[in-house]
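Inspection log for the structure reproduced underneath, given as structure tokens.
The letters A, B, C, D, E and F name the chains in turn, as written, and every chain counts its residues from 1.
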Amino acid sequence: MYHHIKKLMYTVKVDSPDPRFGNMLLEQFGGANGELAAAMQYSIQGLNCEDPQRKDLLMDIGTEELSHLEVVGTLARMHLKPMKQQQNGAEVDPLIAIAGGGGVSLFNSMGDAWTADYLKITGELDVDLRSNIAAEARAKIVYERLINQCDDPGSKDALQFLMTREITHMKAFTLALESLGKNQFSIGKIEPTPGLVDEYFNDSTGEGDEGEKDATGPWNSGGHWKIVETRELQQGVENLESSGGRKRGKEQEKLRKTA
Amino acid sequence: MYHHIKKLMYTVKVDSPDPRFGNMLLEQFGGANGELAAAMQYSIQGLNCEDPQRKDLLMDIGTEELSHLEVVGTLARMHLKPMKQQQNGAEVDPLIAIAGGGGVSLFNSMGDAWTADYLKITGELDVDLRSNIAAEARAKIVYERLINQCDDPGSKDALQFLMTREITHMKAFTLALESLGKNQFSIGKIEPTPGLVDEYFNDSTGEGDEGEKDATGPWNSGGHWKIVETRELQQGVENLESSGGRKRGKEQEKLRKTA
Amino acid sequence: MYHHIKKLMYTVKVDSPDPRFGNMLLEQFGGANGELAAAMQYSIQGLNCEDPQRKDLLMDIGTEELSHLEVVGTLARMHLKPMKQQQNGAEVDPLIAIAGGGGVSLFNSMGDAWTADYLKITGELDVDLRSNIAAEARAKIVYERLINQCDDPGSKDALQFLMTREITHMKAFTLALESLGKNQFSIGKIEPTPGLVDEYFNDSTGEGDEGEKDATGPWNSGGHWKIVETRELQQGVENLESSGGRKRGKEQEKLRKTA
Amino acid sequence: MYHHIKKLMYTVKVDSPDPRFGNMLLEQFGGANGELAAAMQYSIQGLNCEDPQRKDLLMDIGTEELSHLEVVGTLARMHLKPMKQQQNGAEVDPLIAIAGGGGVSLFNSMGDAWTADYLKITGELDVDLRSNIAAEARAKIVYERLINQCDDPGSKDALQFLMTREITHMKAFTLALESLGKNQFSIGKIEPTPGLVDEYFNDSTGEGDEGEKDATGPWNSGGHWKIVETRELQQGVENLESSGGRKRGKEQEKLRKTA
Amino acid sequence: MYHHIKKLMYTVKVDSPDPRFGNMLLEQFGGANGELAAAMQYSIQGLNCEDPQRKDLLMDIGTEELSHLEVVGTLARMHLKPMKQQQNGAEVDPLIAIAGGGGVSLFNSMGDAWTADYLKITGELDVDLRSNIAAEARAKIVYERLINQCDDPGSKDALQFLMTREITHMKAFTLALESLGKNQFSIGKIEPTPGLVDEYFNDSTGEGDEGEKDATGPWNSGGHWKIVETRELQQGVENLESSGGRKRGKEQEKLRKTA
Amino acid sequence: MYHHIKKLMYTVKVDSPDPRFGNMLLEQFGGANGELAAAMQYSIQGLNCEDPQRKDLLMDIGTEELSHLEVVGTLARMHLKPMKQQQNGAEVDPLIAIAGGGGVSLFNSMGDAWTADYLKITGELDVDLRSNIAAEARAKIVYERLINQCDDPGSKDALQFLMTREITHMKAFTLALESLGKNQFSIGKIEPTPGLVDEYFNDSTGEGDEGEKDATGPWNSGGHWKIVETRELQQGVENLESSGGRKRGKEQEKLRKTA
């Protein structure tokens, strides 16, 4: 059950309303990485969750994001309100000015309606937590960019509050994931095919227009990594085909570096 | 520049075509966590990337996902092809049977057209890598569920191949992120507000219908965590308001546990 | 600020889970007239509202709808949960079964992602209240149809609770509109053109395949109504054109009945 | 069967084309409350309608809205046509200028493609009429705002014509609804639960940042209204739970005011 | 201006209603190649068209498609009407049965809302005519598939009528394009680069799983065609780069066959 | 299987980055007629194609369009990159500037996410080829308009390259269609109804505001064409109805001209 308290989680003050900035703020109201997306992603994961501990976590943060939605919506509205009266306001965002009367609605900064396609919900707790960690990282960087575009001190304060909370949530989700005690690369129950799982396919080759070359790093060399070249991969498949096999064989792998 | 080789990355064999299963497979062809989503997310991140090492990684895996798209599409088509002729096929998925002639198209298992709203691209490399790790975890679990729904050995083999590769990619993205050497919770350049960043807001309270209670875990207790109760939070805001302050104050925090 | 209480607004009990019915229930979770649509429409209207009395009404009901979202989601999940394990579950809704692990997500009964295009928010209070009255009427009829499709007593009880509340809200919005004291047909500030406003254009004519004919009723006869025939309308426009006028003239109106 | 007459329902004249205003006009061409939405909503309701009298009404107005679509499209095109040639035109709306050659297409003022998600069609006549009354009110206010943004006399004339007709339609739908002779709050056939239907849940409480308090009005006091406080509601549910009941009980209601 | 005649363009008779087939029919009501798509594409092209002759053609056919929309909608409704009462109806399409009361709405066979993204409108007459020819070919094949899925004689008759008209329109658009007297491959005003325009890039190479090989045909051999191999293309670009040139050179072309 | 070569198909050079133009360029990156749409349409048609010759053609061109996607994305990014830093950049396109960090993503020039609803795939080879011819014509004209909006020589060069290739593809698809040897107006297997197929319905009549009249041309006169007037069509249907017939009869046709 939800309860609304007639008080913003962070009081908002705007000294100089700027419809252009208000329009940008909508990215965090009805945008892909905005507060409704966060609120819905966590709350619905929580509704589906069967781990009572982490269900509480999901509901706590899901609810906090609803309060953030209210803060960022109020902030955007303060910047957008003049749009109804002024012609230059209507130029900035006719959808808000003409159809919305200068009020906010669930659109992003380009006037795209919010869609649940933004959400990542799988019903697999550790997978959902990974999606949430990434979501918080995205929300943080978007708030940072908004702060960099903003001159109004009151708006900056509110955005700093909201941005900070994303890091809080990112920490909480990370610790909740780690405390599940699962192997970092173990997802679900079916094991990946040994050998194949350590092959790195070098599918982009040659030298780029700005001198880019094939790179190596911990993601494809050292440890168990084996780099497989596209041509060899193709050749290997052909060999296998002609000998009646259906699976990719060991002979098609080519070790390049294992440093 | 791209080059296509007339050979599947994994040869597909279907013994008993099953339109219902073919329809489910579309989830990984044109669905939210499917192969086109992966291919586009990584390739476009790669196009935007200014770190030549990880740009190569993004292009390698983005290209591999295009090859996966071809594999899963071929597999789905083998299961769906009978749809054009048979009436029960048309019942399973009229969109594929009637409008598509039994061929695949960029829809998910419910006939929703693929949309770029599925993608998570921010232009901030470490953030994008986190989105990719989560994306691979989601793709893995979806493949696992498809394998569990499938009776056809040839289809299972191909799905096992594809599922394995998602773990490979998840590893690679994780190692690429770690090798950036950034603090785990440091996103962008603006620092979160100290103190506030360690507050855990207890926004969901009471006892649930099935006995759920407030939970504690590493995500809200121990370390620097301070649990802030909603009521106190509200009260604190009210106090601050009446004393003219605009920011949330220290006095509104209530330490519950710090183990 | 929002607060979540770990207790459903209406306790849900399901005796015999039915994935097909669970799938239908999603229409009120993530569908066009469902609970998220109601919650967002009223809450955002409330955020934009400058009439403190009715702002409170909008926030009260908007918040209640969030609690309904939780109830209907829990109910749907109870019916859908078996989907993950059973193959016939996956046939009912592969999106929920395969991609969602049997949990709910913000889709309607056909697997379409929820979109803010469902919302009607104009920032003009009396107009918004009219949209809300219609929205509640729609939600009521959808719940009634769900009850008619349902055999499970526990599910029927919960749906009866939710259906009743829609009538409550419909009443409240109606009384809030009436208490504004505005003329029923006075919207905004610019007056409609006298005369023209009372013309009823008879744009569909002839006799239908099942004997339909032009009908008269209080909506086009009696009072100030004048029925204008398409042919005359066209003729009138032509006459006006040839005489240099730009506006529609009085002579093109033809009184048919004024009972 | 439809017939097109090569004559606009209202002749359009534009003295000074203004691409920015043309772009705003698209809101009524391909926008959520625009003319295609109206035409399709009423015509398809008419196609489904089994009341021959009101079916005629729906077809009459549905057809008139198609004629309005043509008028507003022609008006928008006159303002947008210069976009193809001029660079500043392309800045206003590259979608129209670059992809559309300066012609109109079914987009709103922000370039979002028209979607049938805008429509409200339930197949329940009195419910559909309520949706139409609200739709006309929205369309009226959008035309009023467009008039307020417009300096061109010819455009203002055409918009005044279109705006007036929305009031005409609003009247007609209202009278058609009233003449059905149904109780104002009786929707469908299943009765709401007595008692519960008169409870007003006070779900938003406290005092707001700008002094907002709980409000009372005809929508929650007087008549049969009983105000139920969230806390009591929660408490009541808890009590019921512990005593084995499943339904909300009378004791959880708290009368606050009944003026 | 539009006028509606209360008579279907083709009288519809259904002997045995079949909700499953009714659901398939929606593909031509609210689907990507359906009648609304056709009506809107041609009518809006007509609204934008400055060639009075072909503008008339576009309006004639655009209007006819509106009449088709009514025919196919009526036919679908006859098949879908039982859905409201019967549970198996609701299984076929809950969106129509539960939310729509068994009436049609602007959805395709999978319940996706119609979107203007289906339309192809460029404001360049000859280009638009090409889009229309293709659109008619698609609509024809979809009607043919529906006929093949249908057992009801009355429905087959109506579909044969509708299917025939698509061929009529395809002819008309083709003749309208040819009578413009433009060179078949001349689009717009800027000439393609000579030489480059006759190069065929062989971007898919090798031998496929089912023995597919590089193919030649009139589309890449004979006439002025030159086949350019990817590897050579790449090599050529590299050579050019190292010699400071920015454009692709003649030396990178390799003639393979010109039969 | 796909392979990526770290070299653009056409090297891109931008002298003066212009975020406004970069924004327009997105129309060909993630827009309705852009490179991803082309790549996916042809590649998936190819995946479904059972004619090995033309399957190769579809894969060749589908792959080339992927390479074009990379070129146009790189070009757009060069123009958009400054957006992250500059406030005027954020005004041009906040979605790219704020959410995307100045990088490209799969949006069109108005910030709409790419959707598979843009694609035309039927699984009927000759129909698909017609869709492709039209798609190439549209892509050509969009590139031409971009060239006309562009001052930067390097950008113009790259756009000329891309524009030229569209004509190449249009030729190839046309020749592939012609070489199928099918009758130009024969689609699928079911024959259209003789007689009816040659009737041209004159559904738009009268004289327009700018003097438009009914037009004749090769699309409705000469050959086998018979022009049928709407009124007569209606009358004929009525006559047939009263005489029990269900099909449209010969007597309802009215020959107007056959030149």
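Rule of thumb we're sticking to: a residue touches a chain if its C-beta (ideal position, glycine included) is under 8 Å from a C-beta of that chain, and two chains touch if they have at least 3 such contacts.
This one's a predicted model, so the numbers in the text were calculated from it and none came from an experiment.
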Least step count from subunit A to subunit F, where 1 means the two chains touch: 1
Homomeric contact subunit C-subunit E: same or different residue positions, threshold half: different
Between subunit F and subunit C, distance of the C-alpha-averaged centres to the nearest whole Å: 36
Centroid distance [mean C-alpha coordinates] between subunit D and subunit A, Å: 33
Approximate Å spacing (C-alpha centroids) for the pair subunit C, subunit D: 9
Subunit D: positions in contact with at least two other chains: 1-9, 11, 32-33, 56, 59-60, 62-63, 67, 84, 99, 101, 107, 110-113, 115, 117, 122, 124, 141-142, 203-204, 206-207, 209, 212-213, 230, 233-234, 237-238, 241
Subunit D partner contacts - residues on subunit E that touch it in the complex: 1-9, 30, 36, 40, 44-45, 47-48, 56, 59-60, 62-63, 66-67, 70, 73-74, 77, 84, 99-107, 113-117, 119, 121-124
Contact set on subunit C toward subunit B in their complex: 1-8, 11-12, 84, 87, 90-91, 93-95, 97-99, 101, 107, 110-113
Residues on subunit A engaged by subunit F in the complex (per definition of touch): 20, 23-24, 27, 31-33, 108-112, 141-142, 145-146, 149, 203-209, 212-213, 230, 233-234
Complex interface listing, subunit A residues touching subunit B: 5, 7-11, 13, 32-33, 52-57, 59-64, 67, 115, 117-118, 120, 122, 124, 126-127, 130-131, 133-134, 137-138, 140-142, 144, 147, 154, 157, 160-161, 163-168, 170-176, 178-179, 184-185, 187-190, 192-193, 196-204, 208, 211-215, 217-220, 230, 233-234, 237-238, 240-241, 246-248
